[in-house]
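In the two assemblies presented below, chain A is common to both, partnered first by chain B and then by chain C.
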Partner chain A sequence: MNTHPMLKYLKEEGAAGPRLPHIMCPGCGIGQVLNYALYAVDALIQEDGLRREDFVFISGVGCSSRPASHYLQFDSGWTLHGRALAVATGAVLANPDLKIIVFTGDGDTAAIGGNHFIHACRRNLDLTILCMNNGLYGMTGGQVAPTTPIGRVTTTTPYGNVEEEFDLCRLAQTAGAAYVARWSTAHPRQVIRTIKKGVRKKGTAFVEIMSPCPVHLKQSPSVMFRDLKTNTVPLKKADTPEAAGLIPIGEFCDIDKPDWISRYQGIIDGLGGDDGAYE
Partner chain B sequence: MSGNRTDQLIQPGVHYLQGAQACAEGAITAGCRVYAGYPITPATEIMEHAAHRMPQVGGRFIQMEDEIGSVCALLGASWAGVKAMTATSSPGFSLMQEAISFAIMTETPLVIVDVQRPGPGQGYISTGQEDVMQARWGHHGEGSIIALSPASVQDMYDFTIQAFNLSERWRTPVLLMAEETTAHMRERLVVPPPAEIQIVGRTRPQDLGIAPEDYLPYGHAEVPPMPAFGEGYAVNHVSLVHHEDGNVTRYNPEVHFENVSRIHHKIEGHVDEIARLDARWLEDCRHVLICYGAVSRTGVEAVLEAREQRDIPLGFIRLKTLWPFPEDLLRALVPEVDTIFVPEMNLGMMKHPITAALRDRCRRVVSIPSLGSLHSPELILGRIYEELL
Partner chain C sequence: MGSVGMTARMSSPTLHVNVDYCKGCLICVEACPKGAIAASASINAKGYTLPEESDMTRCNGCRLCELVCPDFAIAVETDEERGAPLTYEIRDGHQG
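Entry: the complex of A and B
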């Protein structure tokens, strides 16, 4: 029997019991993101000589945060709602050699964790953020999120959402992340390539992956998957008239600049020998 | 951590330091190499000193975006194998409660200093002891806590080292419940030679010969061994009710009870090893004054004066550990007495566990409250004389 090539990275039995059946709803995009992330990690292990124990997965709370703790045979921390990036910050400071990948969602990142999000990007800490954006709160039953389009009906916007949505990539870019990209679960090759690039990037890599929630949006998974292709436009064509109303996808920025640790280490190195001994 | 500089520690001998500085130095001596904080009066001096010192000792300092971020950064640092601390004051301590609960459940060693100021609300920026109940009961859910109460600059150094040792030994967050009085006080600090300072590190599965394939993140012992990220143990930190292997879905009430009661019992079942108190003049005493923190400095003056000037047989107890509450230790020390006086910089908080512990040993427990300022010996004496003379 052929086994899936990424199964070697999953626990036989994890925090949510046996790995199959998994806890995701039918048609959910999170399993795909997990698959793409593991392909990227596998490539990094093969190509860059990294070891499995070099990777750490930190997650927050919400559907998107479950795979790290439940299924991955890696070091992981399943943290507080919104706080994954603050926890990851401490781990980077303690051991900058770790390759830290944060699994998070749009509510986790942009609402309760919004403050940590913009400051993590501003600091340009060396970590990779995979933000699965389904445009609502899935785990609690489909409430409005800061990423929900105007007018959409959710359980807490029964007459339609009145608030404008965040553009998470523009936010991350403006806040200072070195590498920012947006794709969807319908773009597997691009997502894998982008995660690899993000992990290799010395600095904050923010990768938004639009991921369908067919259950709460009460749509067919196949239709939602198709829409991720047809409702998106490459970033370089985003300003054309034909792109009106479409979601730009691609790389928003890829900047070389010192990450937090490099700048801080420069201070430590500059202190030299006996300077500062506390008498 | 690479670049760890032990040659840059505070030198043995006599120093003249502020309590806040002594606290940061104690942390560094204890091995703390990550400090994450957010400014707040009257705790900021600890953070400023850490900012100055962490690079010198090869550690890392970060000013986070808020107190929630600060305490959460400690979680990540601790999981990555580095001792970590933050300091805040009362409003910031409120913000940290969710993460304290999380650290208890994930059994994450870390140290939080609360330089208490009076509340509620913004209250004031002077001194207080109004968070002593929040220290124990502020976090959601069950789970015990270790909280120490320093009273001098020396304590700010010594107790911070002890806080780290207890945190590592019992794999749990430890609170140093300081007060503005002590953090801003300047006085003599004696730093012992390194050989006389005990430093405790966490037990790792490697130390017990447990292989990665046999490792259970919440198993093996009452205090489970804890590897660092990157050591090949695929450790999984979870705060949902869990089995020994970290599994959260095979939930049943028995597993819940076992999980949470172990975490509770690993502290409450070892109070004698954890808790410390000072006792004086208890032989033949008819009354006792029980206090903690900076109040024990004026409290002991008041007891001395009452004994010498008015011949009142008054004993003295200072709680060095507030939580776990040393009930058995107290009962072993306090004889049958008439009145127990409890001066506190609040309206009577530790009075309650003291009363619960000693209600059959005394006729009454009298609270001596003060808000926003340290009791003078005269304030304490006035109340004692009012009740006894």
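Entry: the complex of A and C
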């Protein structure tokens, strides 16, 4: 093809004129994650016979939330800052057959939406959460975030960050998510495979994708792409001395357990009631 | 005994860059495992450096450039997609 294969899922023209090129800065990892998510959705449509209407994309506020709100030719919701998971909870309870993919950032997940995040994981709702983690607040000017590594210089930590960062994957795993994985934007095929697995998983799938912010970290996108390959280590080698200071990547957990809807349906069936739908 | 064989040879894939969508991050150049893409001397209307084909005979059609492009701006077109016929090359067989 002489155009990009994933443009069929994007709105190139909107009511107010052309929508592409999108608003993200040159080399931003969010564009790449959007690309990987569309490849995964494309594969699911072809392999599992899903339809475009079966997918719903929900996002909060921030750079990472922009794709779901502006560019996708899918049903999508652009919600309040940090509250994407609250709206997604409502959507999955209203129609459990939907494949809900949440686009969220580290600020959305770990800071303002931290409580929604742990409770969505705890309830094991049938959601797929894609968290693009760039380790700072990108949209507001590169300030320190709960996910900023120790020592990183940001606009509000000019001498380096002194706080320890959240490990979102360990947090999701402890909170009870059924499937947890971390990759980076420099691992495209692994990200696509993981998103497919996450959507097929009955229960909460949390996928953290380390994503570069070339503007606020003041590096070239090519160098950051290369660094994400060398600064990461497979999870099974994460305890070795050579792995000190590297980011562990891979599947943190993959558990089969009943999701919220299955448990609730069990109660309805046990009481001999109807399916709960209003007549 | 000598033998004569025939090799089907595909001509190289073609690289398409959407100059309006490309933002010149050049991640495609970094990601290409074969070194078939390079930064060009040309810029688009917004001043971004565009990638170009450097040696597409090296391209094996892995499409990693399409996969990693954040801006949906690059595409690889193979002969099959273009509907171009295969060319055949007669080669002399080696001594059996």
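FYI, the second predicted complex is superposed on the first by the 267 of 279 C-alpha atoms of A that agree within 3 Å, B and C clash if a C-alpha of one lies under 4 Å from a C-alpha of the other, contacts with A are read in each partner's own complex, and residues count from 1 in each chain.
In the analysis below, a contact is a pair of C-beta atoms (placed from the backbone, for glycine too) under 8 Å apart; a residue touches a chain by one contact, two chains touch by 3 or more.
Every value quoted in this text rests on a predicted model; they were computed, and no experiment measured them.
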item: Clash-or-fit label for the pair chain B, chain C on chain A; value: fit
item: First (chain B), second (chain C), both or neither touched by A:21; value: second
item: Which of chain B and chain C A:222 touches, first, second, both or neither; value: second
item: Partner chain in contact with A:64 - chain B first, chain C second, else both or neither; value: neither
item: Contacts of A:109 with chain B and chain C, given as first, second, both or neither; value: neither
item: Touching partner for A:134 - first (chain B), second (chain C), both, neither; value: neither
item: Superposed model, chain A: greater residue contact from chain B or chain C; value: B
item: Partner chain in contact with A:264 - chain B first, chain C second, else both or neither; value: first
item: First (chain B), second (chain C), both or neither touched by A:161; value: neither
item: Touched partner set for A:190, first chain B, second chain C, both or neither; value: neither
item: First (chain B), second (chain C), both or neither touched by A:13; value: first
item: Where chain B and chain C come nearest after superposition, their Cα distance in Å; value: 17
item: Contacting residues of chain A [partner chain C, same complex]; value: 1-7, 10, 20-22, 24-32, 34-36, 39, 185, 188-189, 214, 220-222, 225-226
item: Footprint of chain A on chain B - complex, ascending; value: 1, 3, 7-11, 25, 33-34, 36, 52-53, 55-56, 58, 60, 62, 64-66, 68-70, 72-82, 84, 98-99, 102, 106, 228-240, 242, 245-250
item: Chain A residues touching chain B - in the complex, by the definition given at the top; value: 11, 13-17, 23, 52-54, 56, 58, 69, 72-80, 83, 86-95, 97-98, 115-116, 119, 264, 267-268, 271, 275-279
item: Residues of chain C defined as touching chain A within the complex; value: 14, 16, 18, 20-27, 29-31, 48, 64, 66-75, 77, 81
